[in-house]
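Both complexes below contain subunit A, partnered by subunit B and then by subunit C.
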Partner chain A sequence: MIRFLIKGVFRDRHRYLFPLIIVSCGVLIMIFMLALINGYMDSFIRSNAGFETGHLKVVSRAYSDIIAQKPYDLSLLDIQSALDQWKKRYPQLEWTERIQLGALLDVPDATGETREQGEIIVYGIDLLKSGMERKLLNLDKALARGRIPSQPGEALVSEQALERLKLKIGDPVTLIGSDIYGSLAFHRLVISGTINFGAEALDRGALMADISDIRQMLDMPGGAAEILAFFKDGRYDQKEADRIKADFNQTFSDPRDEYSPVMLAMSDQNNMGYLMGIVHSMLGIFSFVFIVILGIVLWNSGLMNGIRRYGEFGVRLAVGESKKHIFGTLVLEAVAIGVVGSAIGILLGSLGCWYFNIHGMDVSVFTRNSTLFTQDIIYTYIPLHTALAGFIPGVLSTVLGAILAGLAVFKRQTSQLFKELEV
Partner chain B sequence: MKKAIIAILAFCAFSLVSAAPSAESILSAIDKNMTSQTTKSTTRMVIHAKRSSRTVESVNYSQGSDRFFTEYLAPPRDKGTKMLKAGDNLWIYDPGTDRTIQISGNMLKQSVMGSDLSYEDFMEEDKLSQDYSAGVDGEITYDGRACWILTLMAKKPGLAYAKRKIYVDKSRYVVLYELLYAKSGKLLKSLKFSNVTKTGNRWYPRYILFKDELKDGKGTEYFVDSIQFDIPIPAATFTKARLKK
Partner chain C sequence: MEDPIVRIKNMSKAFPTGESEFLALKNVNLDFGKGEFTGIVGPSGSGKTTLLNVIGSLDTPTSGEVEVLGLEVSQLSQKGSSELRSRHLGFIFQTYNLLPVYDVYENVEFPLLLLKMAPNERRKAVMDALEWVGLTDKAQSRPAQLSGGQCQRVAIARAMVKKPTLVLADEPTANLDTENSLHILDTMQKINAALSTSFIFATHDQKVINYLHRVIKLIDGKVVSDDTQTGA
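Let's turn to the complex of A and B:
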């Protein structure tokens, strides 16, 4: 029976073509939009994780209480052996240490007197030992002039700060700040290059130096304000992050010691959990709206189909087929069209996603004035299970349309059939 | 009879109050005790930070109330750091970077070597009688010593502390306790002075506990290990050229 129905549908071009095109296009658009939103979110997460939160972050308990203030005087000190232990216990993670502080950048003249002075945000990161930070912060791409530091005592400064302080590549500068004990601290650096991230927050006045220089300046050998951890596959996994966080805090954190380490997941920081929740809700709303709109379109298509097949239904009722059975066959036909249409939509959508996943989509025109940590190129991304889930709205909308249109069958009066058929 | 007793008591009370010197004369006596033409001292600052304590040693020279030179001798990280106050200017020399930086603006509010003292404290003139008008609020026994309680109000704007409350040792004219307030009335710092010893013809506290009331921690202990007054100090000591030497 089902085989008979399917053959009937696909041998009558008028019955399948329009709904099939609608469903395929709808699913294609939905799959692509989901992939785009996922890709944007992925880019947003990657940028925020790389610049700020990590997939997971370890700080001292006291630091975590006022983490927004970046209180580096509450840093973790002498943590190298502990870090080795964490690396062994969580081999799925890559680790990097950072220190961030506000300081004054003092530019001397030829006699050593202050020529220019300005406020700057200093990032102490690993620039010399591994290439991890270069990759995370996309430093090679952000490099505007000069070169990335290759030895201690060198630093990168944002292009805007370089111009504001009338600096040149190769100029010596002095960082002035407070060490972790509150004492005035000085450190001499040479500008090796400039950076431009396209994010106002960083470009206004950032200086990046190797963490060894900043440790020396702040009198915190072997210490770090924040230790960021990233999943080696580069993707944030909320469940795994929560599991590792719980295990870490149970094993290594002591609630009685304010300087003991505590682990935070990305969703615990910078309202990222809230933002991710909003995006997931948006995806749900998007799917629902898609079902409703496509359902209405297919309802209309079903109604037109019903008018065209008005005579056919009349004959079928006249020969004794029940209204329920006709309604049932309509729904079954819709399921067949929905499945085939969704499959075509998923296939075409996935092909589009695959292309933009490899080549990326340049959205710099929209992010030019953005202060958010987003990247200019978005790589569409859709997990397999989400793509396959595209079947559900595709089939649901077709069936919904068929149900709404098919209800008209129940309004037919058997007594009027012969009169109608005479015509 | 009753009226006569009240009159006698009132007379006695009036006599006692009138026996107290004026606030201005107390301030002048304190200034006389605490300031000199020149001073050379070696001091230790024990800074009790939240995580650990450390000791900073220095040798200090002063001339009048507006010239001050300090060279830090320990710990090794701070050794060779020098600070010069000349009039309204304050410079610090860092041997690590071989730079002399002028401390001004917000930097004056920074802590000195992580202690409870700020650079702003160094910019204060030494003579209380010049900067503050005072009134005697009463008397108290503090640390076993009979003291006057004085409230000092800034005579001019721009001083680090708009109001001070001090307990002054009646017989030695030394401040034993001091509370420093902002213009808003908020308590900023407290100072406890002890180990008052006679050096030459003046009484001088050899121990001060500074406490920044806006910070956690146990405060900063300041020990004056040696002090000499009115000794010849070369004028070149108070020049910028001396910082790099």
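Let's turn to the complex of A and C:
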């Protein structure tokens, strides 16, 4: 019977074509939108993790209390042996040390007098020992001019800062700030290149130097304000991050010592947990609205189709089929159309996602004035299970439409349906 | 009449028309026996189709009793009336009402699928039915590829495939020319004789009336005559 009915559906163009197009297009749009939101979220997480939060971050307890102020005077000092222990205990993580501070950048003229001066955010990162930061911050791609520092005493500066301070590659500059003991600190650097991340928050005014230079300037040998940890597979896993954080804090952190290390997950920092929650809610709302809209369209299509098929229903009632069975077959047809339509939509949507996953989508026009760490190019991304979940709204909306349309069969008197045979 | 398969007693059927109601059938009393070849005749609007609908349990009477094969129609549940139609009744319509997306074989097979008959038995029953109506060579054709007469013969095969006790035929020749009309009437008459299937027609076609053994005349919802014809 089921084969008989399905055969009927796919032989009647009116019965399958319109719903199939609607479901396919709907699922395609949904898959693509989900991939875009996922891609945006992924880019957002990558940017924030890479530039700011890490997947996990270790700081001193005192530092964590006022983390937004980046109080490098509360840094962890002499951390190498502790870091070795952490690396051993959590082999799934990669670690990198950083110091971030706000400083004044002084640009001298030929006589050594100040020519230009401006505020700058200084990132002390590992530029010389390992290639991890180059990879994390995508420095090779972000390099606009010059080269990445190859020896101590060299620095990268953002393109906008370079222009604002009328700098040239090779110019000497002086960083002016205070060391961790509060004394005035100076450090001379040479600009080796410029960077442009496509993230407005960074591009406005950043300077990157090797962490050894910044340690020297701040008089904190072997210290780091923040130690960032990243999952080796590159993807943030909230559950695993929470598990590691709980284990770390139980094992290595002492609540009575404000200079003992404490681990924070990405979701604990910069409202990231809240933002990720919003995105997840948005995905849920988007899926729900999609189901409702598609359901209404398919209900209308089902009604039109139902009216066209009153004659058929009449014959089927006369032959001995019950209203309940006819209703059931309408739902079954909807399931078949939903499954096929969703499969087409998922396939086409995934192809679109694949294209933009490779080539990326330029959204710089929307992020130009953003203060968030977002990238100008979004690479759509959709996990397989999310793509396959496209079947749920695709089938659900067709079934919903069929149920609403099929209720008309119940509301009508049997003889009325029969009369509509126009006998 | 001994053991009638349809017994109608003081039956009336009214349809609401705004605030009042239209009485389509008025105090009808009729019995139909097994193997009858009977026609309900009368002008349009006389209540012929309404009477067939009530007998076919597609509609319920407003008052009175209608018993079909020992079952009181007004007391049947949805499932009960579906089962009655599925197992014991066959319908033939003026406009054939074949399912256009299915071929001839599948149209005839459909009632048997509802009866959950085994595939082998089903195949045999369908081919037998197509043989009765002389359409075995058209089994794979779609209704759109057939003439009106052939379509009506498929409809007869569909009604007869489950070997029902009673066939209700509503104006079965209205859309057919004389030659095709006579052909399908001959077919139905042969089936009636061979299988003792009862036929009740609603018609005002003289060609059909000539074939009937019993003619019940209905005017304005009332039975005005009930005559047996000899030599039909």
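In this section, the second predicted complex is superposed on the first by the 400 of 423 C-alpha atoms of A that agree within 3 Å, B and C clash if a C-alpha of one lies under 4 Å from a C-alpha of the other, contacts with A are read in each partner's own complex, and residues count from 1 in each chain.
Keep this in mind: a contact is a pair of C-beta atoms (placed from the backbone, for glycine too) under 8 Å apart; a residue touches a chain by one contact, two chains touch by 3 or more.
Source: prediction; values computed, not measured.
Visitor: According to the stated criteria, A:L384 is in contact with first (subunit B), second (subunit C), both, or neither; which is it?
Guide: neither
Visitor: Please name the chain, subunit B or subunit C, that touches the greater number of residues in subunit A.
Guide: Between subunit B and subunit C, C touches the greater number of residues in subunit A.
Visitor: Once the structures are superposed on A, label A:R11 by its partner contacts, choosing first (subunit B), second (subunit C), both or neither.
Guide: second
Visitor: Per the definitions at the top, what is the overlap between the subunit A residues touching subunit B and those touching subunit C?
Guide: none
Visitor: Which of the residues in subunit C come into contact with subunit A in the complex?
Guide: Residues 49, 53, 56, 58-59, 78-79, 81-87, 89, 91, 93-95, 97-102, 106, 109-111, 113-116, 158, 170-171 of subunit C touch subunit A in their complex.
Visitor: Which of the residues in subunit A end up touching subunit C in this complex?
Guide: 1, 4, 7-8, 11-12, 15, 311-312, 314-325, 413-415, 418, 421-423
Visitor: Which of the residues in subunit A end up touching subunit B in this complex?
Guide: Contacts found on subunit A: 73, 77, 104, 106, 108, 112-114, 174, 176, 178-184, 186-188, 219, 259.
Visitor: Given the complex with subunit A, which residues does subunit B contribute to the contact?
Guide: Interface residues on subunit B, with respect to subunit A: 47, 49-52, 54, 77-78, 92, 94, 96-103, 107, 110-115.
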